[in-house]
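Multiple structures are listed underneath, in structure tokens.
Two complexes come next, and they have one chain in common, chain A, joined by chain B in the first and chain C in the second.
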Partner chain A sequence: MKFSTSKTELQQALQKLSKATPTRSTLPILGCVLIESTEEKTTLRATDLEITIQAEIPVSLEQAGATALPLKTLLDITNELPETRITLTVDDKDRAAIITDAGEYDLMAKPADEFPAVPDTSGSQKVDVPGDMLKNIIGATSFAVSRDELKPALTGVLFRISSAGITAVSTDGHRLVKYTRKDFNANGFTGDMIVPRKFLAFMLTQSITGDVSLLIGENHLTAKIGNDMVLTRIIDERFPDYESVIPKENDKTLKADKNALLGAIRRVSIFSNKSTHQVALNMEATFCKITTEDPEKSSKAQEQVAAEFDGEALTIGYNADYLKDVVNHVSGDKIVVEFSTSISAALFSSENAEENTESLMLLMPIRLND
Partner chain B sequence: MGLNAWSSEPFNPLEFTVSFVFNNDQDIFHIRLKELELQAERIVDPGLKTRPVAIISSPHPSGTIVSLSPEAEEEGLFHGMKVSIVRKMSHGVQLLPYNQSLYAKVNRYVYQSISMFTPIVEPEGVDGFYLDMSGMRAIRGHVQNTGLSIIHRIQEQTSLSGVVGISVNKLVSRIVTSVVPETIHEVQGGNEAKFLSPLKPLVLPTVKEKPVHRLLRFLWVEQVSHIQSMVGQPDEFRTLFGMFSVQLAREAKGQDSSIVKPPQLRDHILEQTVLPEDTNDEMVLHAIVKDLAEQVAFKLRKRHQLADKVRLEIHYTDGHQRHRVGKIKGIDDSSVIAVCRRLFDKANERRNRVRTILIDACEFRPYVDQANLFMTEASRNMAVSKAVEKVRLKYGVRSLQTADVFQALGRV
Partner chain C sequence: MVIQEINTMDIASAQANVWERLSQIGNSNQVGSAYLFSGPAGSGKESLSIQFAQLLNCEKPSHQSCEICPSCKRFQKLQHEKLTIIFPLPTPKSQKKDDNSDDNNAINRKDLELVTDSIFKKSEDPFYKILIPKANRILIHSVRELRRTLYFKSEPIGRKIVLIFDAHLLSAGQGEAANALLKILEEPPGNTTLILVTDHIELLLPTILSRCQRIGIPRLNDGFVGEWLQMKMVKESEIKFLAGLSRGNIHQARFLIAQPIGDLMKLVGGLVKTITDDEPDQWRKFTQTYSRLAHQEPTTISFHFMLLKIWFRSINRLQKGIHDLLHDTSFKPIMDRILRENPNANFSAVAFELEEAILSIPQNLYMPLILTNLLIRIQKHLNP
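Presenting the complex of A and B:
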């Protein structure tokens, strides 16, 4: 195999692929990037067996072939090189050479057939999603995904696609986000899938213009962005019945300026206990007081924010980190929070919902000690 | 956590430190039995008295010297030296393994001897004791005479020699015994900062924190007096030392508000069962552990606290003792039982019959009762624990027991 390409093209592709390389693995081949050069195209592929990323680079091809090279070494040398042409050759004994104006670097490659094959995605259904819509959905929901590997169903976002639109739901057991876009056209496809956090995090970092083609299979989801392809396994678990935990009778409503409330929570939480992150919201008719106290450090803080509270005075405790996340993800300037009691879930939403969008967030409180 | 008690004034820890009024009438003694391990070995075997001896933490090559005789020091050995190097360097030095039970016995004996001077005695490690002698001047006369009486008493009762440091707080008294070679030395109230000023910064506990130590080395701070002069510029001091600034400022001035706390006042939860009949029947022992763990869990729930340290001790009929240490991450019965059971299984490595099992939980931190959206195993266990607790609160702790505990307690 022999081809030459520009340093920048190769570097950008390798940086993308590095997101799918495991830091530690019992399979050394997973630390490699598979390079396949044919007359039609040259592709680079990396996988950690959960997510597979493939990128295409423009090359001047001299001899077609396939090989697997250590991704980190290749990325490191590419990062250190000035803008130049890079020629990559691999002989039939898997001896690779990177030839540039600066010098020549030899390394051992691995046989291409050792690299894991791309899972079979035949029979997948194609659904096109506008790139900005997909990023909005991921941005609105992925923060609430659980990191607890003991609850695999919660380590991804549930996508429920129907003729009525697309609904994305994520939860870690303490908070829940439900985000619906009614202006999504599924072209007749209906179904549920739980997409892992890693895939969503990768998609969020990509600059996407135009539509993203989603190929939804039995066990895998493939996203095609231009010439690049990202494939992930779908979490084969039952997502909990989220509808049953969304309260229907929260009768106390707080309306406040989102940024004022968020700022106050951020400042007060600095003085909260470092292990509990506990803050309390004390709500009266015209204000919301945010308080915290850390007896271990003898620190305490309070701040009052102007608000409209419709209901009897209420004090409710929250983990400040969760509260900041939820308030931060409410769109618009005005936040509406609906409460029932100090030990039940509160509903967070925006006063001015965007057209064709429904966003709902649930947060469970901390039981305050008397 | 109560969240309603507010004062209108904003809280400033540095100002708080400056305005704190320290009681100069206190007399806090620190007794240090220097090289206690060596002294104890020489009492047991008088033949060691003139020989070069070193007590090592472990016979393994990576073990280190814990205590050594002046004769061994003359051969070039020092505290902390690795056993592998000692073996290469010196063949004449007798290396003795660390005899935990002997030193613990000596410690207990000394504790009993000095408890007759004051009921407020706090052991510090194996070789140190704090005594709160405040208000004793009227009864016992000058504090230095009292100090000498204590040392003589220890000498008479145990043949061990020690030194006494006297000041108005624990920090300065402890530093006195570590840097002053005389048998007795008193730092008068108000002279703490003056006493500390020529000493090396490492005598202050906060300086042992890595970021502080690194910064002081970078700034070429070689005496406590330099830190004392830096405290005069609080804003810069706070910027430099951040979260350590308040504590470091207090220590540099020789201020310490901690009290002498006897073991019985230490904040811990201690549950113990002395078996009426010694046994090595694992079923019975597991049931006893379960019973003790439930009692610990009950107390933790009442305090709304988790324990970062839980120690399970097994005392055998032949006097040997085994223990293991763990951490309690949940306060429902199941979580605490699981931790204690694991510790017991790890600690119980002997076949001898067991006489006593003890669970000691300490290093508490607040527990947060975070509500869950979905019923999880942990929340289910917590609900069960609370339901059982209601019955026990009404009818007594033993009113509701699982069959294995009931059977075990019936059998023993």
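Presenting the complex of A and C:
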């Protein structure tokens, strides 16, 4: 195999691929990038067996071929080179050479057939989604994904796609987010899939202009962004029946300015206990008082925010970290919180929901020490 | 590559009965979700488990895997995407999990090179035993990492395979790794087979045992060990001696070929003389030396006693007229002499006493007393 390419093109592709390269794997081949050069195109691929990233680079091809090279070494040398042309050659004994104006660097490659085979995506259903919509859906839900590997179904976001749009749901047992987009064109596809956190985190970091083509398969979800491709394995578990845990009869409503409430929670929570992160919301007709107390450090704090509360006075405790996350993810300026009792789930939403969008967040309270 | 072909071909033929059963399972549509390969140390259990895993993923399977399809080639290198190998690892210094990383937290960065090197050696030689320094248990991190990755959907072709070597070390410490694994065994993911491999089945939790199909693996025959020694360029004249002392344990054979053979013969001969002769001075020296060794080098004393045990089993077979490889070595004249001097001796009981002594070494007992009792009891068995 022999081709030459620009340093910047190679560097950008390798940087993207490094997100799918495990640093502590017992499969050394996963530390490599698979380079496949044909007359049509040259692609670079990396995988950690959960996600696979493939990027295409423009090259001047002299001889087609395929090889696997250590990604970190290739990225390190590319980072250190000035802007120049890089020629990459690999002989039939897997001896690779990186030739530049600055010098020549030799290293050993691995046979391409040792690299994991690319998953079969034939038979996948294609759905085109605007990039900003996809990022909105992911951004609204991925923060509540569980990190507990004992509950595999909760370590991803459930995407429920139908002709009515898409509903994305995530939960870690303490909080639950349900985000619906009615303007999602499913192109006739109907079904559920649980998409792992790593893929979602990667997609959030990508600058996407235009549409993303999603290829939804039996075992994999593939996103095509321009000439790049990101593929993830889907979680093979049944997502819990989330509708049954969303309360329908919360009769007390709090309306407040989102940023004022969030700011107050952030400031007060600084003085909360470092292990429980407990804060309390004391709600009266015209205000909401946020309080915390840490007897261990003899510290306490309180702050009052103007609000409209419709119902009997109520005091409810929350983990401040969860509360901040949930309030922060409410869109718009006005937040609406629906309560029932001090020990039941509350529902957080925006007073002015965006068109074609429904967003609902559920947060479980914690029992306050009297 | 040549070495690997010899090894892999031989293990299936050396354990022909076991392989026949595994091959039938592999070629049926009734592959179980969990198997337990148990048997004596060095009997090729790990090698068989790798072969079985390869067969389950072979693209053209028959009685054996084809060895040439892309899946087989990746299995030979232990670099298959559907293969996860779990083995004891040192406890990481910091137990704190990096929440932003999905890397394998079970492996210390400094141990990673050693781990990958060990896996490479294992792929080159299936009888290579992966032993990472300071690794005395299977970490719960390893089982958690497994749990995280096992529940992803995968291609329907082939099976996801999890090999757990030294599975009895799941129960080490508080047994948290065993309990975490139990959750997977209770609700096994589809199209997945876990193979637990152990020399010490008695140390596994009953709840784990009850969820695995057991495959008992007998010790290797002397002929196979002899062939293996031949492949390792051992001199023809030494093969019977080393194969006899190995007793079907390939790990022991590997250890023995690293020792100077003359020293081994001298060691065994000297020890036999000491414990069969009724010489107080020699007994005192023996007790003092081995009490110190039990404290400072427990593996050395275990090795010496194990050699003695094998020697006494061999003389027991000679007494009963059953052939043994050690009868074809320079030990034969010594055995004949001792048989003449102790015609009514119970050599089987002597071997049993030595086994008991080996088991007492890690128990922090008062060794001078244990060793003195051992010598007295051996004398009683020699002259009943």
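Keep in mind that, in the parts below, the second predicted complex is superposed on the first by the 370 of 370 C-alpha atoms of A that agree within 3 Å, B and C clash if a C-alpha of one lies under 4 Å from a C-alpha of the other, contacts with A are read in each partner's own complex, and residues count from 1 in each chain.
Keep this in mind: a residue touches a chain if its C-beta (ideal position, glycine included) is under 8 Å from a C-beta of that chain, and two chains touch if they have at least 3 such contacts.
On a predicted model such as this, the values are computed, not experimentally measured, just so you know.
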item: Chain A as common anchor, with chain B and chain C clashing or fitting; value: fit
item: A:L362 touches, of chain B and chain C: first, second, both or neither?; value: first
item: Chain B versus chain C as contact partner of A:E303, first or second or both or neither; value: neither
item: Which of chain B and chain C A:E293 touches, first, second, both or neither; value: first
item: First, second, both or neither for A:E338, with chain B first and chain C second; value: neither
item: Degrees between the directions from chain A toward chain B and toward chain C, using C-alpha centres, nearest 10; value: 60
item: Chain B versus chain C as contact partner of A:G173, first or second or both or neither; value: first
item: Which superposed partner A:E36 touches (first chain B, second chain C, both, neither); value: neither
item: Minimum C-alpha separation between chain B and chain C after superposing on chain A, in Å; value: 5
item: Chain A residues contacted in one complex by chain B, in the other by chain C; value: none
item: Residue numbers on chain C that touch chain A, as the complex places them; value: 70, 73-74, 77, 79, 81, 85, 99, 102-105, 107, 109, 112, 115-116, 119-120, 144-145, 147-156, 180, 183, 189-190
item: Touching residues (chain side chain B, partner chain A) in the complex; value: 1-6, 11, 13, 16, 304, 365-366, 368-374, 376
item: Residue numbers on chain A that touch chain C, as the complex places them; value: 22-29, 48-50, 113-114, 116-117, 119-120, 147, 149-150, 152-153, 155, 196, 198, 218-220, 233-237
item: Contact footprint of chain B on chain A as seen in their complex; value: 171, 173-176, 240, 245, 273, 275-276, 278, 280, 291-293, 295-296, 298-300, 302, 315, 317, 319, 343-345, 362, 364-369
